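These notes open a run of structures that come right after.
Shared between the two complexes below is subunit A, which has subunit B as its partner in the first and subunit C in the second.
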Partner chain A sequence: MTELLGTILPYITTILLFASIYAVFALGLNLEWGFTGLINFGHVAFFAIGAYTTVLLNISGCPLIISVIAGVALAGFFGFLLGIPTLRLREDYLAIVTIGFSEVLRSILLNEEWLTRGPFGVHGFDRPFHDVIPYQHYNTFLLILFVAILVLVYFALERLIQSPWGRVLKSIREDEAVPSALGKNVFSYKLQSLIIGSAIAGLAGAMLAFYITYINPCTFKPIETFHAWIIVILGGTASNKGTIVGAIILWAFFSGTKFIDRIVPVPFESHQMGAFRMIVVGLLLMLLMMYKPEGIFGTKEELALSD
Partner chain B sequence: MQLIINGLVIGSIIAITAIGLSMIYKTLNFVNFAHGDFVAFAAYIAFFANTELGVHLAVAFLIAILATILLGVFMEGVVWRPMRRKKASRTALIIISIGFALVLRNTLLFIWGGSTRCYDIPVRRGFDLFGATITHNQVLVIIVAFILMFLLHYLLSRTMIGKAMRALSDNIDLARISGINVNQVILWTWVIGLGLAASGGVLYGLVTAIRPSMGWYLLLPMFAAIILGGIGNPYGTIVGGMVIGLSQELSTAVLPTEYKFAVSFVVMAVVLLIKPEGLFGGAK
Partner chain C sequence: MKAVDGCSIDIESGTVVGLIGPNGAGKTTMFNLISGFERGSGEIMFKGNRTDNLPPFKIARCGMVRTFQIPRALTKMSVLENLMLAPTMQRGERIWNVCLRRKKVLEQEQAIKEKSMGILEFFEIDNLKDEYAGALSGGQKKLLEMARAIAIDPSMMLLDEPFAGVNPTLSRKISGHIDELRESGMTFLIIEHDIPAVTKISDWIVVMNEGRVMAEGEPEEIKRRKDVLDVYLGGEG
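And then the complex of A and B:
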C-alpha cells in the first residue's frame, strides 16, 4: 500500500503543481474573457514575459522577489500597450493583434540571444527558499506555495468582481452601450481588465519557471493560450471556481494520455500523441462552445454569447 | 530586385488567400481563424494527390480545391449554419473557428508528421531578369494568381451571384428582404473564398516547403492585408496583400529573416492605431 502510494504521490504532486500554475494563468484570462468579454488569443505572451523577466533579472543578480514583481509589472505593461490600438475597436481586433503579438514575441525570444539566450533557454536561476528547504521535500513546499498564491489570487479576483468596478466590467460584457450611457469610460475599464489579466499571467509565468527550472521559447508555444481557454470554458466562463476545477481536469487528462500507452496499447506512435491531444483540445473547444457554452460551473446568464 | 520579385510572389499568394478571409469576415461577420489551416490543408491534399496518387500537379491542384471546398461546405452545414440559427454571437463563432483550426492543423500533423514536404516536380534552373533569378514556379504562381484575381473581379461585378454576394456583405438584412436566398449566397461565399484559399495554398507549396504550420504563419500576413485594404473590400485586400508581401521581403534587407512576419504585425498595429477602417474603407 505504502509502496503504491510512493509511486502515485509524485504523479499527483506533478499534476497539482501544473494545475495550480495553469489555474492562476487561466484566472487572468477569465477576468478578461469571462468577466469583460475580451478575446485574448495571445495570453501565452504575458506568461512568457513574466517568466523571462523574472529569471533574466534574477541571474543578473536581482533579488528573487523584486524580479517576480518586475515580471508581473512588465506583463501588465505589455497588456496596456496591446490594448491601446485594439480595445476601442470591435472585439475581433484584440484577438488578431494578441495572437500576432504572441508569435512575434516568441521569435524575439528565439533570436535575440544577447538578451534571452535564444533556443538554448535559461536555467540556473534561484528558486524561492531553495537553500532552506531540503531537496527531497522541495516539490511539496512548492505545491504549498503555489496553492497559497492561487488562493490569494482567487480571493483578490472574487473581491474585485464583486466590487462596483467588477459590476462595470460585467455590464461591458453584456452590452457596452449601457455603461457608456451611464458615463463610464468603457475603453479605460477594458484596458484595466486586460492589464490585470496580463499581470496575473506574468505571475503564473514566474511560477512555471520556478517549477520547471529551465525555460526556453518552446515552453511558450501558442498552444498554451488555448490550454487556458479550454480551462476557462470547460470550468465555466465567468466562474473562478470553475477555472480552478478546469485546470485540474485538464492536467489530469494530460498526465492520463501521457501514460495511457503503458496500460492499454495505443494504435499510434508517441509523436502522434501530441497532435492527438491537440485535436482533442480543439474538438472540445468547438463542442463546448456549440453545445454547452456555460461549462461545468458557469451559468447561462453569465454568458455574453448572444448579441 | 530579387527581394521585389520574391515579395510580389508572396504578395500575390497572400492576396488571393486573404480575399476569402475578408469575404467571410464581412458576410458572416466573424473572423475565421481556421482560414490559414484550410490553406495548409489544400497544399497537403495536392501533395498527397501528386506524390501518392501520382497525378499531374495541375490535376492535384483541382482535387485540392475541390476537397477544401467540400470541407468548408461540410463545416457550414454542421457548424456555422446551426450556430447562426441559434443566434450565436461573434465571440462564440471566433472561439469555434480557433478550435477547428487546432483540429485541422493537428490532423495534418498526425497524418503526415511535422517534416517538410514538397511536390514531385522537376527542379528547373531559374532564369535571370535584371540581375535577379526567377524560377518557373514563381512565374507560374504570379500568372495563376492574376488569372484568379481577374476571374473574381468578373464574378463580383458581372454575375448575379457576385452581385448577391456583395449585397449580402453590405447589409445582410436588406439582402434578405429583397428576396436573396441568404443561405445559398453564404454557401457561395464559402465556395469562392475557400476555393481561392485552396489555390493560394497549392501555389504556396510551389514556392515554399509544405508543413502543417504553413497556414498558421500565413494567417498574420493575411490579417494585416485585409485590415490594410479594408475588411470586405476584395480590391483593397489584393493591394494590401501585395504591400504586405513586398514589405515582408524588403524587410529582410535590414532585419533578420526571422522577423519577416513581425513586419505584418507592426503594419497591422499602425493601421489600427491611425486608420482602423483600412486604407480603402471597409467595415468598422
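And then the complex of A and C:
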C-alpha cells in the first residue's frame, strides 16, 4: 500500500503542479476573453516574457523575488504596448497581432543568443527557498506554494470582476457601444484587462520555470496559447472556478494518457501518442460544443440569450 | 453622397424636440454625429462647449446621453446590472479603489443600487430586476434602454425611435415618462416615425429630408405643411 502510494503521490503532484501553473495562465486569458471579450491568440508570449525575464535576471544576480516582479511587470508592459495600436480597432485585430507577436518573440528567443542563450535555453537559476527545503520534499513545497498563488490570483480576480470595474468589462464584452454611450472609456478598460491578463500569464511563466528548471524557446510554442483556450472553454467561459477545474482536467488527461499503453494495448508508438492525444482533445472539444457548449461551470441560460 | 449636409438645428434647454423625416433622411446619422459615434466637419455645441471633437464617452459625461434605434440590452447581465453600470464616475470603476478602498466602493455601490431600483420602479420594470436583460421582450428592452440612459443623470437625452414596435399602452407610458422628465428640466431630441405620438409630446418639430432640414416649427404648424406630408406620403397627401 505505502509502496503504491509512493509511486502515485509524486505522479499526482506532477499533475497538480502543471494544473496550477496552467490554471493561473488560463485565468489571465479568462479575464481577457471571458470577461472582456478580447481575443488573444498570443497569450503564450506573455508566459514566455514572464519566464525568461525571471530566470535571466536571476542568473545575472538579481534576487529571485525581484526577478519575478520584473517578469510580471514586463509581461504586463508588453500587453500595454500591444494593446495601444490594436484595441481601438475591431476585436480580430488583436487576435492577428497577438498571434504574430508570439511567433516573433519565439524567433527572438531562438536567435538572440547574447540575451536568451538561444536554442540551448536557460537553466541553473534559483528556485524559491531551494536552499532551505530538502530536495526530496521540494515538489511538495512547490505545490503548496503554487496552490497558494493560484488561490491568491483567483480571489483577487473574483474581487475585481464583482466590482463596478468588472461590470464595465462585462458590458464591453456584451456590446461596447453601450458603455461608450454611458460615459465609460472603453479603450482604457480593454487596455487594463489586457495588461492584467498578460501580467498574470507572466506570473505563470515564472512558476513554470521554477518547476521545470530549464526553459528554452520550444517551451513556448503557440500550442500553449491554445491549451489556455481549451482550459477556459472546457471549464466554462467567464467562470474562474471553471478555469481551474478545466486546467486540472486537461492535465489529468494529458498525464493519464501518457502511460495508457501499459494498461491497454494501443496501436501507436510513444511519439505518435502525443499527436493522438491532441486528436482526442479536439474530438472531446467538439463533443463538448455539441452537448454542453456552455462548458462545465458555464450557465446555460446565458448561452441561450441573443441580441 | 452625404447622409447629413448643411444641417443646422438649435435645441432650447428644457424642451422636447421631435426629429422626423422619411427613411434615409439622415436622422440617425445626425444622432451619431451629435453623440460622437460618427465624425463630421460641422460644429456641435452643447451647454456652450464644442463637443464635435470629443469621443462618445466624454460627450456622455457632459450630460448628453443617447439610446439606440434597436435597443442594445447587455444580454448576459441582469436588468439591475444594466442600470447599475450607468452612473458615471463610480469609485469602484477604478482598480486601485477596488483594491484599497473597498469600504467606500461598497457604500457607493449600495447607493447606486437603491437609485437604480428607484428608476426601475419609475419605469415599472422593477419586478424584472434579476432577469437577464436578453430575456426581456422588445418593449421591455426599450424601457430598459431609456431607464439606463436616465441612470447617468443626463441633462439631455437623444431618443432614437422610442415608440417603434411598442404597443399603444406602453407607448402612452413612455410619453408619460418623457413628459414627467421634461417637467423636471430635461431636454429631449427624439427621432420618431410615429407622427401622432411625436407631435403630441414635442414642443418643436424638425423635419429632415435627404440630409437637410426641410422644415421646422410647432407641431400644429408642421402637421399642416403640405410639403412635409408629401415627403411622408409620396405626394399623395
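Definition applied: the second predicted complex is superposed on the first by the 287 of 307 C-alpha atoms of A that agree within 3 Å, B and C clash if a C-alpha of one lies under 4 Å from a C-alpha of the other, contacts with A are read in each partner's own complex, and residues count from 1 in each chain.
The definition used in the following text is that a contact is a pair of C-beta atoms (placed from the backbone, for glycine too) under 8 Å apart; a residue touches a chain by one contact, two chains touch by 3 or more.
Since we're looking at a predicted model, the values are computed, not measured.
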First, second, both or neither for A:86, with subunit B first and subunit C second: first
First, second, both or neither for A:192, with subunit B first and subunit C second: second
Which of subunit B and subunit C A:165 touches, first, second, both or neither: second
Contacts of A:276 with subunit B and subunit C, given as first, second, both or neither: first
Partner chain in contact with A:179 - subunit B first, subunit C second, else both or neither: second
Subunit B versus subunit C as contact partner of A:294, first or second or both or neither: neither
First (subunit B), second (subunit C), both or neither touched by A:224: neither
Doubly contacted subunit A residues - partners subunit C and subunit B: 305-307
Of subunit C, residues touching subunit A in the complex: 35, 37, 55-58, 60-61, 65-68, 72-77, 81, 84-86, 88-95, 98-99, 105, 109, 112, 132, 134-135, 148-149, 152
Contacting residues of subunit B [partner subunit A, same complex]: 25, 30-31, 33, 79, 82-83, 87-92, 94-96, 98-107, 109-110, 113-114, 216-217, 219-220, 223, 227, 256, 258-259, 261-262, 264-265, 268-269, 272-273, 276, 284
Subunit A to subunit C touching residues, read off their complex: 159-160, 163-165, 167-168, 170-171, 173-175, 177-186, 192, 301-302, 305-307
Complex contact set, residues of subunit A against subunit B: 37, 39, 41, 84-86, 88-93, 95-97, 99-101, 103-104, 107-108, 110-111, 222-223, 226, 229, 233, 268, 271-272, 275-276, 278-279, 281-286, 289-290, 293, 304-307
